[in-house]
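In the two assemblies presented below, chain A is common to both, partnered first by chain B and then by chain C.
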Partner chain A sequence: MKNNLHALWQFFFGDSARAFGSASVILLALLAIAPAKNHFSEWRHYQKQYLHLIRGRADAVTLERHFQGGIQQIWIPEQQVTDRCTTCHLGMKEASLADVSSVAFREHPVIPHKLTEFGCTTCHRGQGAATTVEEAHSATEQWEQPLLPAKYIEAGCGQCHLENQTGTPFLNQGRQLIVSYGCTHCHTIKQGDGSYVTPDDDPPSLKHIADKTTREWVYAWIKDPQAYAGTATMPNYHLSDDDARDVSAFILAQSTPLEPPLQPLKADTKAPADPAAGTSLYGQSFCASCHAMQNAAGMMVGGNVGPELTGIGTKAKPEWLQDWVGNPSHYDPGTMMPHYRFDAQQVVTLTGFLESKTEPDFIANVHLDPATPEQIEHGKRLVVENGCASCHDINGIKKPENFAPELSRIGSKPLNQLIFVEGVEHSLPGYVAGKVRNPRAFGPSLKMPQFKFTPQQIDAITTALLALTDRAQSQPPTMRIASVQQTRYQPAGNAGQLMRDLRCFTCHMINGHGGDMAPDLTWEGTAVQREWLTQFLKNPETLRPALIRRMPKFNLTDADINTLADYMMTVYQTPEFDRDSLLVSQFNPAQVEQGRQLFYSKFACQSCHIADYKNDKGYIGPALAATGKRFNAAWVYHWLKDPQALRPGTIEPNQHMTDDEARSLTAFLMSLKSGGAQEAMKK
Partner chain B sequence: MANTIDRLADQVRENRIWRSIFRSGTGESNLHRALTVQQNVFLHLFSVKARKRTLEFSATWYLGALTFGTFLILVITGILLMLYYHPSVPQAYADMKDLQFVVSSGVFLRNLHRWSAHAMVFLVFAHMFKVFYRGAYRPPREFNWVIGVVLLLMTLLLSYTGYLLPWDQLAFWAVTVGSNIASAVPVIGAKMRFLMLGGTAVNANALLRFYVLHCVILPFAAVVLIAIHFWRIRKDGGIYSGESPAEGDAK
Partner chain C sequence: MKPVLIAVCAATLLMAGCSRKSNQPAPLQSTAAGTAIVESSGGKQIGYAGMLLDQPVVVQVNDASGSAVAGAAVYFSGPSGVSFTPPAALTDSSGQVTSAVQLGEQAGRYKLIANTHDASGKNIGLTIDEIALGYQQTVGAQLNAQYCVRCHDPESTPLRVSNMDNLSVKPHPFTEGDTLNKMSDADLVAIISHGGPALNKSPQMPPWGYTLSKSDIAALVSYIRAVADPPYEAGGLVYAQK
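Take a look at the complex of A and B:
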């Protein structure tokens, strides 16, 4: 054996010539490794597989003509995109490969963007420059951003699209949750267009809290807000009994009496004879458009603009409720709740109804001794530490600035700047979702409280947060689709004052300012007839049979109604055409008949609208049976010609009618003068 | 067969073009051999004659030659890498990725450059230990020892400046720390740091400065010093073979 080895050594390295020769051969072999590795690289393997796949298909010739070998890339320098994904993903643009089982070669699902203009990593992340599967898809030693998991893919859209998109329900929901749960009270979020995300949860001021509720209720509430109302957006701070006792002590101690003070209970007005009067007043006033309440069956019924009222009787003191129902601005000048003009009897009736909605269990076990100064002092410290004033106005405590980390670029946060704990997936989506799900899991000393979200909501919020990337901040402005920003429009004069008092803007949008619950009124003066408008303000009837949310009755005086109607008819006019440019007197019966044909046959309007309550069943759009009483002919005509021009975003389709068709249809619609929906129902 | 090759070789060497380049001509005499070395710009740095003892492995472990070999590899691979590299902030790291993923054998090229650089630093130290422990630094070779020390410095500076060029986190922080160390020098420390980085932080200017140092200034200085180093070996009596200084003088 030893001899053999020796002979071998002698053969290869026996003398200098042999040694030189052997060494040269070994070196050559080693040098051959580099080109060999290049030749057997992964992407070549995938290209061979792809060729194999397409050669077995019916349209092999076309596919092969489209195929280009070698490394492919999408290069968009101004967006810092160098994506070589298409080196292996060769079938991205081949519609005939939509059914291929291997994801690698399948056609990309249809999106409104060209791959060559946006690249791949813009939305999907991952390492675009890489040409190996591991490096391109995963987080590796040299690359921190792996592919975005499919369930968060809408975050890609959100980098450019700051407005709501119909194709991104998840992202929209996440953004809505961030706004409605008031995340940005503590966290600053500056979007790519420079605008800041502003919360709309409207947390109440605590400056006069003692007028409104009791310390026992405050104590139980801060212990667990969702125990009082499942829909409450206030998070749980997991306070100990002692801490909750001290915080409630301070909250009550800092409260000052309202100015002017609350009236004592109106004991002189009798409770209503009819016990159902309260329920029906609650219904007539359409309180449920904004407030939810659990019904007898345990179902939550109503909107989410105002707080849930299921246990309001346990929470609010009766004298405060009477004051609030009478005029909410007295307690909270910034409230979104309208000033209903209830008379004294109605106030008592409605208050009585609300007082009966109690949850006695909620505070049954709360027994608090009078607070000591030390407890109040400790409570104040806790309130400052927990940043309560980020959301609530509190006497003597300033709103803290930058209380929590800014989230404007959270979607690009390097992992090495994050601290992970056990049970949280080691990835950015994992971290963000973990924080939203259970913030205190990251350390007991962390201040972020526990929100109550469903897993689906957590994923939606994570999606919205992951959209806040460096790319979103730094890309050219031309790439960005801005969100719709509210204007600061305020109507002037007496009418303006009335509209503010009635909080019209909580639901209606006018000139880009206001809510989206009810129709945009910017051009209402062109659209409707004055007669109809005054009737409607006096006694609003539902225009859309399918809606639960309806315009409430505000019990306006005739003078108020005239002021509003005058203002709206004068000011809210479109500059595009004259209200009186088309008059009903210009139509003849033949046109009306032709319009009827168009309505029922050619355009089949009855699938969404009702022209005749007896026969039509369309519930999508508003009932049109009273069009002749409500609208101006010119408006109807222009609406039919191009609905989106008058109200951007309306779902009414543009049928591209000819002038004659629109005129005839207008003639028909203006001939419809039956009563309102409720009248029709009664019949 | 062997005769044919020899005859062909002779014909080439007798050729007029060949003779116009290599004047020494053919011949087996010592004079011819001496002229071959003397009249060649590269070879004239070396001694015309060498002791047989100095060519044995045990004499030097070939450490100097190996160091020079790694230097040559570094120059060649470095020039090839320069074809793919832009010393600019947005491009530098992307170029690393291109070398890794797109350039044929780009990873091999980078690794060859990197490992040769590590090997060179190691070999320079080994070479110096060998010289030191054998006493080869003693007169008349003390000046060449000093040149060698300066060459060590060049090697280290080349390593350090090359470290920044990939423009990754490792590079950035290594140079941040390194330049902060420089600023600890009394009185002129801050100025030195500013000079090094072309600013107050590791940024585009620092990258450009390090690139120019790494690819132009330091290699040029190293080549000149290596030339002097080799020249001095010849002038100091060839490679040290363990003879006493007196013997060396007597030559």
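Take a look at the complex of A and C:
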């Protein structure tokens, strides 16, 4: 053996000539490794396959002309993009390759961006500079930035687009959930443009909770909020019976009486004469626009702006309900609920109606002994530990700062900083979704409570969180599309005070501030006639036959109505045109007749609107039978010319009318002066 | 003897350490068999590429007399990228199996298959069709929900009452492939942009070309094509096969 080796050594390196020769051969072989590796590389294999594919097609010549061999690269230094994906994904821009079965060569689906301007990894993630499939896509456990699974792809859009986009319903939904479930009470989220995500779930203050409800109800509620109301956004803290007993003891012990105190129930007007009076007052006041309630058939009916009222009689004390129905601002100055001007009888009627809506099962099994000082002390510790004051105002407890980890860059969190547990996929999306789905699975001592989300909601929230990347923070500001932020607009003077008291902004948007449940009133003063406005405020009629949500009747005094009407007619005017620039007296009967024909034939307005209750049925848009009493001619004319200019986002199509057509149609519409919808329905 | 033992232990440890995935679940032990498998719900949904369908797929196994069979094994399968939770299960007491479906990453139509075995072990299959929307079709779907459904969808919900019955000429629902598949993309774009009169049809279809952008209208057309039933087959160039 040893001799053989020695002979071999002698053969190759025995003398200097042999040694030189052998060394040269070895060197040549080594030099050949790199070109050989290049020749047999994976991407060449894909390019050959691609050429084979396109040569079989009718437009082979065009496709071959577009083909460029070798490594391809999209390089965008200012976005830190060096993407070689198009080395293998060769058909990205070829519309004729939309139908090929191989994903690698298929045309990229239509999107509003050019690949050359944004690259690939900006949205899809992965390793752009890699030239092998494994390294570029890297679904392996080691690589920090694998491709983003398609179900979260809208996270790519969300890095730049902070606004709601038509094409990203899941991102929009996820962002909405983060806001409406109040995630940012505990977690700070600072977006790329420096703005902070603010919650809009409005958790109630607990400072006077003992005035509102009982300790038994609080106990049952914190044990399982969704057992009381399926739509409740409060999460479940999985408190033990003893812990819930102590937390409820502390919260009730901290409660102080309201100032001025609640009035005792009015004994003299206790029972309404008509037992159905409560139901009809609830209906007339359009409480269901905001509040849901289970009806006799077990169906949930109503909106989700305010809390569900199915079991309100079990929850709220009668004295509190009476106070709240009378004026909600007394208990909660920041409430979204308007101050209805109910008279004493109405307050009693509505209180009685709500008191009768009970769910006795909810607290049937709760039996609490009076709290001991030790229990209250323990309850306080639990309240502090669980961060209850992050959301609720509690006497004697300060709102904790940075109670939970900041999430501003969660979408770029390195995997080695995360702790995974059994059953959670080893990837960033897997971790985020796992945390949202079941936070306590990551450790029983973790404080994050259990929210109740559907699998789709979890995916949507994960999408929105994955959009919070380093790239979103560091990219040039010119890349960013800002979200529409609410302004701080507040109306001035007496009218302003009245509008705040009536909570107009819960539903209506004015000058960029307010809700989107009802029409934008920014230019209402240009649009409508004063007389109509005062009539409407006195007794709101149904303008849109197909809507459930309607303007409630607030029982305003004439003085209040005048204050409101004066203010709106004076202040809420568009600068674009004068409301008196077109007068009805300028129209002649021929124009009215021509307008009628345009309405019914050329523009077929009756498809969506009612001009005449006898013949027309369309009910997408508002009924127009009383246009001449409601609107100003100039507004109607400008609306017909370009509806979106007056109210962005309205679904009334711009029909591109000529000036003459718009003028005739205005003449016809202004000639419609029949009563309101309800009046017509009665006939 | 000793080195062999050590080697075996080391090899076992190594294998245990290297295997990442847990063991495959044991095959289902069905306790009954039916003669037919039918869809209870969850078919013909319009979902989004790569995402969970809104509703799970529910199938039912029946016996020859048409009554439900409990304890029959049902296996789901589909094109690559489709995942089922669970992928296989025994039918419950009402003879049904429910599975949540995540569609593949490509937009298009997906044929899902649910299999069961009859008493002789013969395979019985059921095909369930689903649609996955891509980006452009998603834009179309959103615009459809905002601008079109009120007239083009006969279904009414409490929050969205259909206006179809109020129109003297009934609009075509977008799923109506029999009619809409015969119209070219150019015709659809024309009628959406310029209204019914562009194709000598009713002016009750208003022009949207001054309200929606060209790319919005293209998105609507791609949505209409995506949801057509029967499916829309793109015309245009026919390529020679090699």
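We take it that the second predicted complex is superposed on the first by the 648 of 683 C-alpha atoms of A that agree within 3 Å, B and C clash if a C-alpha of one lies under 4 Å from a C-alpha of the other, contacts with A are read in each partner's own complex, and residues count from 1 in each chain.
Rule of thumb we're sticking to: a residue touches a chain if its C-beta (ideal position, glycine included) is under 8 Å from a C-beta of that chain, and two chains touch if they have at least 3 such contacts.
Everything numeric in this text was worked out from a predicted model, so none of it was measured.
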| item | value |
| --- | --- |
| Chain C versus chain B on the shared chain A, clash or fit after superposition | fit |
| Which superposed partner A:82 touches (first chain B, second chain C, both, neither) | first |
| Touching partner for A:445 - first (chain B), second (chain C), both, neither | neither |
| After the two structures are overlaid on chain A, angle v-u-w for chain B, chain A, chain C in degrees (C-alpha centres, nearest 10) | 80 |
| Partner chain in contact with A:585 - chain B first, chain C second, else both or neither | neither |
| A:644 touches, of chain B and chain C: first, second, both or neither? | second |
| Contacts of A:34 with chain B and chain C, given as first, second, both or neither | first |
| Touched partner set for A:656, first chain B, second chain C, both or neither | second |
| First (chain B), second (chain C), both or neither touched by A:478 | neither |
| Of chain C and chain B, partner touching more chain A residues | C |
| Contacts of A:615 with chain B and chain C, given as first, second, both or neither | neither |
| Chain B versus chain C as contact partner of A:96, first or second or both or neither | second |
| Overlay on chain A, chain C to chain B nearest C-alpha distance, Å | 24 |
| Common ground on chain A, meaning residues reached by chain C in one complex and by chain B in the other | none |
| Contact footprint of chain C on chain A as seen in their complex | 55-59, 96, 99, 103, 109-112, 141, 149-151, 153, 166-170, 301, 455-456, 459, 546, 548, 601-604, 607-608, 617-620, 644, 651, 653-656 |
| Sites on chain C touched by chain A in the complex | 20, 48-52, 54, 100, 102, 104-107, 134-136, 138-139, 142-143, 146-147, 150-151, 158-159, 161, 163, 165-167, 202-204, 206-211, 215-216, 218-219, 222, 234, 237-242 |
| Touch list for chain B against partner chain A, complex | 90, 94, 97-98, 100-102, 104-105, 107-108, 168 |
| Parts of chain A lying in touch with chain B, wherever the complex brings them together | 33-35, 37-38, 71, 80, 82, 84, 127, 129-132, 135, 142 |
